[in-house]
């Protein structure tokens, strides 16, 4: 489109139907996105197997329904994070293949089951209470076309559970490590592997855990230099970055 | 003394040299400590092999000198924490046997070398920069009559260094675990032993370590239930509690 | 088992049915816990009179039921912390001897009533509102085989209530001191006894108590050097450490 | 002056030299302070034995000199808080009777030695390191005409030192209690007396004392209901309020 | 009683019915409060017109009922702070003269209507939403025998409302200033009067008021040196201190 | 009135019915607001097209009703912020022209539809969840007589949406930029325009957004020097300042 | 330039020396700023009397010298904030008319003395210690072509100093109010005027002022709705916004 | 070695020189690292072109010298972060090819100049003051064998500088975005590219930047889902993770 718009201006100008001043003005005022900027490329690349994502929390059943109806026309997977059973009911009316992942609080509509990631992404979590966040990461990874392995309840005060699976850890191309309370797991896992580790602090804990602050600070200060951190409870964000790495 | 004071009052009263009212008044106004309260017992028990302790920081060379002169009359060990070379020079003039522990920033005067602890206290630290705090604990433990083992530079991102010494860890009766940055070490050590672990956060780190806050919060939220915590950089306090446990 | 696995490899190798290379590989890949590492010892020692513990909060009645069914086969005591009346009803169906400690929000199943602790653990609390946390400590101590004494409502603004019981304080081998608001009680108690004091800040208070933060900071900065601290409201953790000390 | 201004307007108006409108306008535009508002009264009452006060910190020797020269014309006491030896040298050239209180970091020029307070103000401090703040309070109290008693180094972990002097505590009409670290002393003192206690947190401590934050929060959450709090290290402010109470 | 106990021991000893050793032991073990310590005096002075106070929040209707039943035997006023309509209903069954102060969330039983305070205590509040805290102060002041004046809704962005009443402000012997949001009112009022000002931050506000933290910090940093501060929403505590000052 | 009062005093004095001393005293004690001070002028200017504003939250339906009844007698617009459907129902009974703006949680009664602002105020918001705050700003701006443009859902991770409308941005005389999460939008918008930008952080976000704290800090540290900030979620306040600027 | 570049492409294309494809490609790849986007306009408007500004702190004397040399070719005023005497010496070698404003820590080179602002900007500060920040605002305002009035040392605890100058306050078109400690001044000033007030918290204070945090929070929670806030100590930023408003 | 140790045990056992029990015991007690655990693999992979790294800060010139002497025997690159000119002088004596990167505060010894990364890593920074952190990342990336592009001083308030280079941004395989103050740059860059963005907050800023806290929170709350975060000022850590991604 943009190209055509520019060509049209150039041609009108060449043909004399447009003065230099007018051509100049029209070129200057072209809508930004029409110029083929990075965002367009960005969108294009994101669409290669990436789902269209809705943040379900705070949206009404109707709002979610309308958005899904519009998305359902394309062939991409659809992901609704922080969703509810009620939202799921509405989505299923639109897309019969929709699934509700209760643990992950997520709804998915899978249309494209191709694997885009080159290797396996492993999701490790410290305690059973961290599982909703870990599951959100797993569901997101799957809907983005990754092969996923997961390892739950391997907190650092029982190291043997973790060390016992060191081969599975070593086989991953990227790891997402989810932990609340003292948030020590990413440092320990980071020391056992030679690939990027994405740490997700959770709001699990009580007292001086301050809703995930303790775990977050712990992870930011990790002595393992292959660890980066995302926001508290942000299993989705960790999975997006892991997917990007896994496609490279 | 107190006993004698009370006996004296009782006797004077019995002998008639003291009216009931006067005896009553004098008994009520006896100095508190003379009544044999817990503090006295406390002091007594503390003196059994416990050093007399001076917090050196903020005190002048003269002040430290005067206090040591007064303490030197007794047979107890003397410990000056957060001390300096200048304070040490002054102390050596008073007590020739004084030693300066540069790493620990401590001065000791050893007079009583008896071992009071029943087992070994182990001091574990995460990084080389945590060593001043770990050394303060070690010096305090020694001067309080404990058998001490120490293990430095065993951060959680290199687990093999720690696991390799698991037998030494298991041999300790109490452990002091010193760590800055993410403060994850006490949780890991806590899971490897079945005795009390005293965690000491250090102010080592940068950025979001907030001068030890990250390590402190991490330790308070430890998933290992045999961990208690002392103040940031408080190697001395950890050693006092470890000594108390080791004597029981 | 592990021993048998290793012996089997050694024998097959000796008998010639296993090449050196294969024996090497199999030895290297043995599951970690099978090697008889510290964790096993740790578990063994923990089992000597320690209950099997479930964190009830956030678990469904069914989940708690399933875990208790599995635990009930062993002879250890069972403890469910942060539990509910509904969870208790389910547990009673499995173990008729189950008891609900409403104040402590805990369920216990007592099978082993042996006393493992060498002395008495005393639980002291500042205000009546701190009692749930204190009671959690008391129940945990009992189920772990300790002789327990308790002293409630002895806040520092009414010292006589505390000083009046100094003999009971002095008789304890370890003390747990529970306080919200300004959290001053552990420092005062610490000065009256010569044994370890485990301080538990509670979330009791309002305004600038910041859900226990004020009490926590106060305790970490205690001028009594025999005080260590656990997380806010963590009566259970304090009792575990006190039990470990009391068995030494 | 103000009175004269108003009288003059009234008289000019009466005499006919000033129309009603003009008199009105001039009365409305008189400088505020000339109207004899509360502030004036406030100043007046403050001057009854209250010193003129300079905050020395951040002021040059010359600036302090100029202010003292101007103040020295009146008969009031002069107080320079957070002062230095250099500032003192300059002040002594102006007022030979000036004194430097090194511990309190204060300079005083005493001209009015009358006692204005009705009773004794007692200053209690927890540790020797809290003394500069306590001394600032003492110097301020003296220069404001109070009878002062002081009691240092009576931290809550050694209660007998405090209880021993309960009669002196009970004799005070107001108390200022200065403490760093865990800041527990005001609560304990508050429970021993029946008069107002002004708590001053100090920045003394390390680690999780956060420059006085721990002590401040502790004092704000005091379980003793006769305690109010001033800013960290604000010995001067506490003394001003104590003086106001002591004059009532 | 205590006196009698001591006299009895003295007499038995004198009479020979008690050996010196036994007399000594019994004297040492007398209950602390029996020795006539400060706390007794404290209690005595507190009782002179001070109500017996119950913190209603978190207490059941029955608990409040039982406490009131026990208190009702004495002639002191009774005050229940943070109370509820349900608690009031129960109290009225016990004490027909009970009143419920809905704004203040307080129940009072007035038996002693004598005025103990020497002057008037003024309660000033910034906004209408701060009124519950201000009202708690007013009710407490009244039940403690003070003459009370109050001035509501005089926030600092509308100074004329405040300045207009400067005579009433100047007439008070102590002031309690209640403010949420930016907490500026105590500084302004402090500058208008020459008596102690007790500042009460409230949790009123939103966003960066952080539940009263902004107001609290503002008040602690007041540039008026006659201001002291109590905990957020602590109208009761402010009234206790004001009463103590007002009786001097 | 005031004028009359002063005139009366002047005249009585002139007429001799009032001594100079009495005239002086009466002039000094005139109620403050009667002197025609700035506040009056302030009120006057505020009334020029500014609505009378009620903060609805925490007020009962009756309270809001009574205030609106009293306001409805004047010709000014009425604005109720943080209002509810129930409050609206009551207001409509009083003022039939009342409107409820659900998104903005606001009720308006428009009587004066004149445009007072000289240009357009633009309201820009980052995400759809920030809309209630943005809408509060829009409603306030309209009721204060501004021409308003708005641009929603132009977060900084999709710059083209923003750059595309740069002409509309450039046309505004003042901008209000509303953003939660990382709060980056005001800096970006600030760099695109040459007029004042008022930044409104919102409490939208989760985890380390700390209820708007992250956005607030981000905005205060803006690298664009034409940005000032109001409290979290304070769309109303931003609109008041924007209106003041737009009238100049 | 840009225009010429585009015209040149258009003409070459029209003349046939450039194919449509080549013209298209060249138009698409033109440097962004050449397209006449908002930033250019922004820069243009900023240049109308706005100085070129250097943040001096952290820059070497040479770096500042080189930047000033380059700027000195234009006719705009030059402003160096957070500058030093050493930087000033270097600047004077380049621009003889340079001035050093010691209080404001700023260097100015005035070339354009035209007044661009429509009215007066008033700078009000609470204490003498806040003056460096206030002076930075004043210098910035002057160099940006504003008429400036200033009023220092009018803290809220001495209201008469402020009220006395209410006419000068009322005469300003915008106000900048600078305050440390409790930061109450902007609320008070905001209530006295009917124009925008820009509040600047300063890092002045001690203890719980937390380097300006207390003042910042206070200002964000202002009950005066015409107040917006900039970063702590940001006198420069406040002056930029005030200048923008003053030119409208 | 390990292999040989195990083989030796196996052979001794096979040969009969070692009983089954002894072989078992020796196998169980082999040093942990000798068993070929993940850490070894980890080290191996890290060595493939990864430098040996020393944290220079806090180390003496001698300590750094000794470590470099030991490292210099291998063929790996050497990197000293947070280093000094004095440390560099010592290193140059050992390794003549050493270079000092003043901006980055780093010393490198390059021996292996092979490129290991598959694409380009781009380092983007917001302001000139953020450059030391950005340079640390660049030096680390180079010494780890990456092709590096960098783009400095492209803060979000001047978007054209950034948008102008969008093609270079789009060409990167991973991006490191360094920003202080409001930390908004990673969100903006994240929206322009489709690859992982590692955000590094810096401690640059003043006032409410709280030494990088504002930037850190901003980045953790990024609305761009391809952003992860490392510790404040941790340019080194960001480069390690970027290198790991770039090799995949």
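Should a chain be cited, it is by its letter among A, B, C, D, E, F, G and H, assigned in written order, with residues numbered from 1 in that chain.
As a convention for this text, contacts are C-beta pairs under 8 Å (C-beta built on N, C-alpha and C of every residue); 3 or more make two chains touch, one makes a residue touch a chain.
Computed from a predicted model, the values in this text were never measured in an experiment.
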item: Distance in touch steps, counted as few as possible, from chain F out to chain H; value: 1
item: Chain B to chain D, fewest steps along touching chains; value: 1
item: Pair in A-B, B-D or C-H that repeats F-H, with over half of contact pairs matching by residue number; value: A-B
item: Proportion of interface numbers common to chain A and chain F (over half same, under half different); value: different
item: Whole-Å separation of chain centres (CA-atom averages), chain C against chain D; value: 50
item: CA centroid of chain D to CA centroid of chain F, Å; value: 41
item: Residues within chain G bordering two or more other chains; value: 37, 39, 158-159, 163, 166-167, 191-192, 207-209, 213, 216, 220-221, 225, 231-232
item: Which chain pairs touch, all of them; value: A-B, A-C, A-F, A-G, A-H, B-C, B-D, B-E, B-H, C-D, C-E, C-H, D-E, D-F, D-G, E-F, E-G, F-G, F-H, G-H
item: In the complex, chain D residues that touch chain B; value: 129, 158-160, 163-164, 206-209
item: Chain G-facing residues of chain F, complex; value: 37-39, 41-42, 45-46, 118-119, 163, 166-167, 169-170, 173, 191-196, 198, 216, 220-222, 225-232, 236-238, 240-241, 244-245, 248
item: Touching residues on chain H, where the partner in the complex is chain B; value: 29, 31-33, 37, 39-40, 58, 201, 203, 211-213, 216, 231-234
item: Touching residues on chain B, where the partner in the complex is chain E; value: 3, 6-7, 10-11, 13-14, 20, 23-24, 27-28, 35-36
item: In the complex with chain F, residue positions of chain H that touch it; value: 126-127, 155-159, 163, 181-184, 187-188, 190-192, 205, 207-210, 213-215, 217-225
